[in-house]
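Below are two complexes that have chain A in common, paired first with chain B and then with chain C.
Up next is the complex of A and B:
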């Protein structure tokens, strides 16, 4: 079935527990929101097909658990990510301060080839809570941090109301796509008969 | 080589006559069956404590052998338990001679005596339940044919089955997808889907991520996950560097078999791309190899399909198209000619069967590579339409590098492959092919090949009669039905139904030195795809139990269940697998196996490629 080339993008969502990672994903993928809090165990996986500039691609979203006890899963989960989404709760200073740890942890564990330019997106979630009165992290502060880390795109979202969710994920997709663009030419060696007889060892290498 | 002493001393006795013989045999049969019941019951008891079985550790309920109650058995074992024992577990070992075997059965009677006690009823009921499972599984198999593999329908010729993606619209939320009996997945170590047998890879991205999470989670703990059992399902994992392969199956195949299939699936991927893949993943864990595999769905689906019909998958041997010795010689001679001019391997094949093959000095070709190569060529439609020059990698020869394959179909089934290391050899190889084709036409090889396809291979009905055949053996050839009709009539009393003498339905013979096998044509009643698949699975299981590293290797095995009598005999030189009518007589079956071996020996230069360079790897 020859089809147009499709791209699959792996997106990791990180952030403290309870900041609304799963709710954001649910709002984005299923257009649903629930006030009930259910802690994610390990990770949840969702997929969404996205059309972008006449190309169809699939987002493979890794919604990870925020609790520290799950962080040992890091290497396994972060490997080969195309984009990392950092989420904090604008009503919780701690969750904002932890963004730095999440970012660094990700860069260490995923060890992307070009860490300086690895695409992150930061989302300040729960802007709807209490009409914004309980907010403790200002947009200015958040944007300043994003700027200091290499101009990370920043969105203020409400998973509950769906504010900016679509826009944020459009940006996530765009950035993920950009980072996946570098294409290599696949050119394995051809056998050199003289060398190959030595290369071949007994038994199968399985 | 089969010698009478190996199996049965009955064979050495001069034949008195069929009738006298059969009386003997039926007495033996009663004795055997009695001892079988005993063995089965004592074993069933021990099974309750531990899963240890004498023969096959991986066996599940379905594996338990069953001695079908027949008239003799009912009469002699008494009414008290024969009705209540619809399923009796029997593990019999064909020992080196009948005499020894008889001794065994006498010994085994001792622990069996409780079987005639009041326990019988209890056991009867539990046995009955295990029988239910067996039937259910058989039904499941039918179900699979009915819904999943309906494309497989048809007879033993593989033409009806078309390779390609199945049910591409499904995903893990589809009920139909979840009902498929055997899934295969390939994914990268970052959890990106690479291949799925059923359903759309991209829609399965979440499922693929889950598989990666499971594998990586275990890996993180410094361990490795090989197998997960979940109800009727087995999930088998194979990690090959950055490539993860997973099979989810409820087909009751053994872990070893499924793992072997994953190995081949990986090999097929290497054949297309080489192991340089690993470098790409090292440089860039995000590496997406699906574009590189574009258009190869059919290659993988056809390989997976072959896991249910091609014994080469587990025998790790190849099979030849039966041809007169001189015909094959003519083909080999011209291939030798071109091999001397810088061709690494020259193969002439007809479908999945070898006509001839030649390797350059010191170069050897592994049967698995041949399987993967021929699968690649046959499942890619474009090879049929024009001469092609394509990079391919032989994973067992050198997994890191490409060779170049010149491929040309000489007729609709027959194709020539010339493998070289030189990427600019196309014109030279084309000249070689023209020469080869000319010689093959002149020496009538291609016509002979077509004739062989029509005539088919060995048929159990043609199995020559025993002793008298020795003198005339030289004149025996394939494709002469009628030649031995009389002789098979001699055994007409000894079996009910069709097939070969003594209830022989089918056999497979693998020559260890040649790395080749030959199997008989399917005959009634194994004459539909469903029956053939079941027999294939039974052989596969038998093979696994014979080669089990923990409890094996074994020399002989005789097992009887509701479908077959299966007999396996392994020597230094060959392995013989034979299937008989479930009511077949044991001694006759053993004798028949000896005759099969003799028959194969008599016509070995027609059914095997002899004198090919020995394969060493």
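Up next is the complex of A and C:
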């Protein structure tokens, strides 16, 4: 029962200042990493074409300012989102603890039609730092939180080294597409992009 | 809008009450009392108000006070505003300057509308717009009396409240019965649409208190004497002022007509419609091309674009060419022997048009930012610097002395420090000044921001501040000096970072109003695309275009903005200028909010600063007082409204 064709998938990346939102986005879209990204002011987005079987979709990835003082701007940027990516820094407990705030704030401001089932994906970034020695949030702890929030898919990433970034965004894209499912569309079950590479630490249930 | 009071007409019960109370300070006479003294000239003064001022600039010292009068002669009502002689608080304002602003006997048949502004804080003022499109500068009623002013006009001329805006009053002499019919139809809230506009008919509507116990006082006598003088002397300055004002009027009208052609949409204020009907006597054919009469009046050097989208060229014609930056030698000529800047306006004007040579910035920025006052001497500044240096050290020590153990129990401090440390290492790292990983300049940024977050603990640190600080440190070098210059800048821009974002919202709101004024089709386009929040300009406004230009260019732009020459809000005109430069692309490609944001973000590094500054200046002149009235008082970078003194002035209203 294929119906209207959906071409744009909107994804919002949220998380504390400096956890690597801009870097993750650039690593995924441009395959580049820089130490010198400036703090994001306001918002920006990058787009990437993704393919599911024979269909092309535009993934629109929104990068926002991380300071909570700018959250009131969210209303303008979050609307129409298909998936929300929550990022924290595995070397910062505070950034992990704030995931809950970011999630709730998003649900308030974006007010999706079905908040219970709105797709989130959590990324624990900067696993490369200091060979993992400065890590303060364990994978177990993070997964427990994700499980408690309705089995949010979880990935551990390094934007700097590109670890798991592709896998994470595949899952993100798939979830974004799925979230539009109720609205209308026919979609295939599998993602064609780099289908052979399985995520290493991924927990994408989709 | 800040209006707190929507009553002001004579048919208003509230108004009647206020007259009864005698709370107003109006000096007024009615026709029976005035008759004899007015007969000599056939002119009758029906309203006199002292201490009505115009503010040519934002500086209190440059305000011009004068006397506002309504004069009736031969069945027509005239308005005059004559500045007081020899009372100027500023030596810089010559009598010639004052003459330029003098309003000499404007007949109300030439007046299109009066817009009333009643700020919650500050003085009430009115803006009188002529049917030519010219607006006189706002007239500030220091002693109150706006309500009486309007009531008096209503008594002697045809005045109705606009259906679209309760603070706009449409004036019309209604010689054309067709117009009268049309206007009464268009203005459902208009009161007492009479068939006769005569003063007799108008007077019958006024409350009985109108004729009660008003005495003809000394001021009115003086006013009459002035009126006689006015008629005896043919002041050569009059021609000059008309010339200048007409130039503005042409620009404004030109802009309006050009923009309203596009899409065939009329502005929603109802004026245009009336205007056009008046000019061509037709009611059915708008939207239409600009009147050919008007086109003929345009100076030859202004092209009349066939395509309204070429409106941009107007600004290229009007914006003045940029000058070379202010150099050391020229700067020293502005200083007297003790180091005072003798003519700060001339300095600001000079910098507005040319900026400052890099080597001189260290000295000049302190004045522009307000850290040093222009009238300070070398010695005073030297002293201030030393005092401020130790004050800085004191504040810095407040956080320096926090031990590790203390910090463990001081979450707020750790969070701030963490946020600052994250941001300083990603601020302008491509500039050689901040390039090295262990650059002492990065540490200095950190120390200053942390100190500032203690100096202004309520505001704290917010992303964007490091962008604002970085060029200042680059220029000033010295840590303490940089700190105090930053403090001065934040006095104006601090509200950008308020938690409730009110500073940003007021600027984006003003921006939307300016676009509405200067490019209504673009405004309509944004409205249609649900883009009127102007969030796509957020980064521009928050950090003063810091991310849009190269480091050196940013500094040039900032010093121009900081002169506050022409407008404190030039940055908003810069926004309008950039948007207008790209309007055809924006509209032509049908950009929605997302695409627009992306497009705006990607303009970074591709904006021609000099061209945009020229456009912005031209737009600022085009907008004139109408532009300034789009910007609510206290909108950054204006200093916060001084509550105490404003309240005091408001109180005066009732006491006098």
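Quick note on the criterion: the second predicted complex is superposed on the first by the 175 of 206 C-alpha atoms of A that agree within 3 Å, B and C clash if a C-alpha of one lies under 4 Å from a C-alpha of the other, contacts with A are read in each partner's own complex, and residues count from 1 in each chain.
As a convention for this text, a contact is a pair of C-beta atoms (placed from the backbone, for glycine too) under 8 Å apart; a residue touches a chain by one contact, two chains touch by 3 or more.
Because the structure is a prediction, the values reported are computed rather than measured.
Touch criterion met: A:60 reaches chain B and chain C at once.
For chain A, the partner with contacts to more residues, out of chain B and chain C, is B.
Contacts of A:33 after superposition: neither chain B nor chain C is touched.
Once chain A of one complex is fitted onto chain A of the other, the partner contacts of A:76 extend to both chain B and chain C. When the two complexes are overlaid on their common chain A, residue A:45 makes contact with chain B and with chain C alike. Of the two partner chains, chain C is the only one that A:94 touches; chain B does not reach it. By the touch criterion defined above, A:17 lies against chain C but remains apart from chain B after alignment on the C-alpha atoms of chain A.
Annotation: chain A residues 42-43, 45, 60, 72-73, 76-77 touch chain B in one complex and chain C in the other. Residue ranges on chain C touching chain A, taken from their complex, read 415, 418-419, 422-423, 426-427, 429-430, 462-464, 466-467, 497, 499-501, 533, 535, 538-539, 542-543, 547, 593-594, 597-598, 601. The touching residues of chain A, when paired with chain C in their complex, are 17-18, 35-39, 41-45, 60, 65-67, 69-70, 72-73, 76-77, 94. Interface of chain A with chain B (complex): residues 1-2, 5-8, 10, 42-43, 45-47, 49, 58, 60, 62, 72-73, 75-77, 79-82, 110, 112-113, 179-180, 184, 186, 188-193, 196-197, 199-200, 202-206.
Residue ranges on chain B touching chain A, taken from their complex, read 164-165, 168, 188-193, 202-203, 205-210, 212-213, 215-217, 219-220, 240, 263, 273-276, 280, 283-288, 290-292, 294-295, 297, 344, 362-363, 391, 393, 396-404, 421, 423, 617.
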